[in-house]
Amino acid sequence: MLTVKNLNSGYGKLQVLYDLNINVPEKELTVIVGPNGAGKTTLLCSIMNIANVFSGEIIFGGEPLAGVVTHKLAQKGISYVPQMGNVFADLTVLDNLHMAGYMLSKAEVNDKSEQMTEIFPVLKAFIYRLAGTLSGGERRMLAIAMGLMKNPKLMLLDELSTDLAPIIAERVMVEIARMRDELGITILLVEQMAKRALEIGDTAYLLVSGEVRYSGKADSLLHEPELCSMYLGIKQASGKDADTKLSVLGEGSENS
Amino acid sequence: MTVNESSGGIFKSLIASRITYVLAIIIALLAFLYFTRGLSIILTILIQVTIFSIITMSLNLESGYSGIPQFGRVAAVIAGAFAVGAIPGRIMAAFMGLPAGAEYASDTVNFRLVPEINTLLANSWLMSLGFLAMCLVIAALSGALIGWLISRPAIRLKEGYLGISMLAIGDFLMWVGHNWSIIVGGSVPVNVPDPFRMFGTNRFTVIVVVFFVIAVLIFVYLNKLTQSPFGRNLRMLRDNDLSAVAAGLDIVKVRTQCLVIGAAIAAIGGGLYVIYTGSVAAIGLTRLTFTFWPWAYMMLGGIGSNIGVFLGVILLTILRTMIIIFRSTWFGFLMAVGIDPLWLEFTLLGAVIIIVILFLPHGLVPEKIAPMLPSKRIKKVLADRQVVSG
Amino acid sequence: MAPWLSSGLVYASGLALTAGSITLLYIVTRTFNFAVASMATIGFYVAYSGVTLYGGLPYLYYPLVLIIGAITGVVCYYGLNRPLLYRKAAETTLMMSTLGYDLILLSVIQMYADFLTHSYKLFPRRVTMSLFDFELFGERAAAFILPIIAIAFLTILHIFLTKTKFGIAMRATIENPTLAGASGINSDRVYLVSWIISGGMAALGGSFIAMAMTGTPVMGMFIIPLMFAGAILGGLGNIYGGILGGMVIGLTEFAGVFILAQNFGPWVLGYRMGIPLFIMAATLLVFPRGLSGIPLAKIIRNLFRRKRGARA
């Protein structure tokens, strides 16, 4: 669905990504992991045309995206949930949802926001509160809901679990997996919580210093002891109980 | 290595050729003016060029090198102009036993006093020289004082806030001078004793030479200053004030020093201006002439480059003068509908600012980022260190 | 009404609109708009030309003032501000660029004044616009009408910003341009609309101010420090702060000059500009973020808490 070919990009004169090749298959969850400063967020910003693309191609659904303005990308069905500042703090939750569905028709917006409050019941209780007064976890829920508002074909999620309490982070992860399974949305997830992300993901890329160091099945990356310990801080022993965790996740998603 | 050097060479030669072109245009225009209008117009242009070069160099120190949005350049110019209008004349009057108090500035007294002082100055070149030196010192001191006063509340403000505050202070000073007649006569301009009286008809030529020497001295001083560690601090502050603080730089101190030095130099410019015109009209010291035009000169010439400042001043001064001189011959079509072509000066000023920002963001002569020390000295210092540590 | 109050209200409504215009543009585009000076003067000359050439009351021409002010804003946006915004120019560069635009507008105004003098035998260089006003309840009508127009304008603006989809999108862009872009909001359109609104506001404010002071081609240039003082006093954080700041600056200038002149003599009039600047400086010393930085809600909450505490 999304193909990145030989991408060189960065900010201003500073190059961050070098000859990057990434493929995001349809209706799958692709995970990008890597240490700090590897260029994970820059990759998403390059796709959204927020960072500067020096050379290379980004193809979405057979269409090249080079030079397309950010708001046009949103209209093409790509929705981006940034790591920081992913809600409008000065607007109410409802206005946030309406803004997220900016290019939908009025009826669609109402339908969709109804649907979102059903998926995320937390939001229903706070619908007229300013988004700035929500707690960290509620904000992430709102951010994901805003990402879903657009009927996206592709969602770019940037480090949704950072600075969340472990329990909340786990719930966010569960929601993401459910989005793929139940709504059939293609997802490109950038994640610091590498282990959980690799457990729920289908394909994985390990990004180090702006270059791809590993690509392939997500759970098989967990079985690469060197890469895991060097770049992701995952001890080898945890690789074995990955399967059991996955089954737990399955139950969790049905319950919630 | 070789690639770098050759590209540097191309860059240098590009700038050099640009400077040559601009100089050629300037000389051609000056020659044209000389043959159509005579020498006096050239002298007028050159005097203005020296005065505004001084003011613009001071602006360049503050805004170009240190990134302070100095939109109140006129404040320091006013300080210098008022000081030269008010103090040296009074000192001379007191010295000669003439009224030197509040009545000095009143129009009925002042127009009889100043000619008497002038006669004294005309008879003694020593006295004239002393008077000029006194004017310069007083102007610089009052400029430094006003610079320090402005820096106190303003220095902690951020970009836009700082610029607007300084702009307001400049305007306010002008109104004080215009209304408080004790300083420089208020709405009736006070006359300034003329230290160049003794040269008679050659007055303008001498003024050009003397002012030019002063401008060159200031140029050399500023060059030394910006190449010194202090200059490096200023650039650090401009490029990233946060990391400058992190590196242990006292922002408030450096900025205050910069504002004080800049204001002192601008005040010298203001003092020279009133010595040249022979009177101080507060209402004429507007932000348009003494803040916005210097900004245009600096932006055209190249922010952070004093050679560029000189080119910018001279080019724009010639264009301004030409609009004034040729307004009836070139812009007759405007005069036919009753429009005074003098307003084109504003158009020129605005257009220059916009064109430079849009198409020539680095100006005619871009800032040259040179290492602070010659490489030989750096090597020597390093070698000495090794000897010591070894 | 006290003698200073009627002119003061007119003047303060004008300053409120211009300060609001500066604030709006600053929070949307990070541009300190110097051109507000000439935009205001243009507003005054549109009303003046209408009244002298076609007759009627100055109020009739305010829609035209709004339109022409908006046009000057659009020209500045497409010609100057847009390329610089896309280049991510520094705040000072943006400020200087509007200064250049302001000077060009100023020269156009001056030429237009010359043209009026020559072709229509008018005296457009010293205009007392209040002569074209009528009387209402023994006062100049402007003292009632202009504050009402200003409040109506601001109410419409408020409804636009809080109730309409595009208005909310504007607030969203102000707060977080990146996320707004990713949500499909066209920031280009938001910038354009803010230039239209702020151009209209500036011109309307200028035509108000001319009802309280002598209208000249350099009127805007003369009072722009006060417009900025109003905006800065408001804290440059939200439009309402800017409007309030302009109001405070305008009223205190008139009240202060009146009171001081009564006590110390008419020489105070020469320094009238100092009063609002002093108030700005004093306020910034106490509240470094201006009026909108005053934590009103917190103060009120604290008051109640103390009462509750006293009861307990």
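Letters A, B and C mark the chains as written, and numbering starts fresh at 1 in each.
To be clear about the criterion, a contact is a pair of C-beta atoms (placed from the backbone, for glycine too) under 8 Å apart; a residue touches a chain by one contact, two chains touch by 3 or more.
These numbers were taken from a predicted model, which means no experiment stands behind them.
Asks: Work out which chains are contact partners of both chain B and chain C.
Replies: Common contact partners of chain B and chain C, which must touch each of the two, are absent.
Asks: Work out per-chain C-alpha centres and flag the one nearest the whole-protein C-alpha centre.
Replies: C
Asks: Taking the mean of the C-alpha atoms as each chain's centre, how many Å separate chain B from chain C?
Replies: Measuring from centre to centre gives 33 Å for this pair.
Asks: From the C-alpha centre of chain A to that of chain B, how far is it in Å?
Replies: 56
Asks: Hey, how far is the Cα centre of chain A from the one of chain C, in Å?
Replies: The answer is 44 Å.
Asks: What are the residues of chain C that contact at least two other chains?
Replies: none
Asks: In the complex of these two chains, what residues of chain C are touching chain A?
Replies: 165, 168-169, 171-172, 175-176, 178-187
Asks: Inside the complex, what are the residues of chain C that reach chain B?
Replies: 26, 32, 80, 83-84, 89, 91-93, 95-97, 99-108, 110-111, 114-115, 117-119, 221, 225, 228-229, 232, 236, 267, 270-271, 273-274, 277, 280-281, 285
Asks: So in the complex, the part of chain B that touches chain C is made up of which residues?
Replies: On the chain B side, the touching residues are 63, 67, 69, 153, 159-161, 163-165, 167-169, 171-172, 175-176, 178-180, 288, 292, 295, 299, 334, 337-340, 343-347, 349-354, 357-358, 361.
Asks: Give the list of chain A residues in touch with chain C in this complex.
Replies: Touching chain C from chain A are residues 48, 50, 69-71, 73-75, 79-80, 82, 85-91, 95, 98-100, 102-103, 146, 150.
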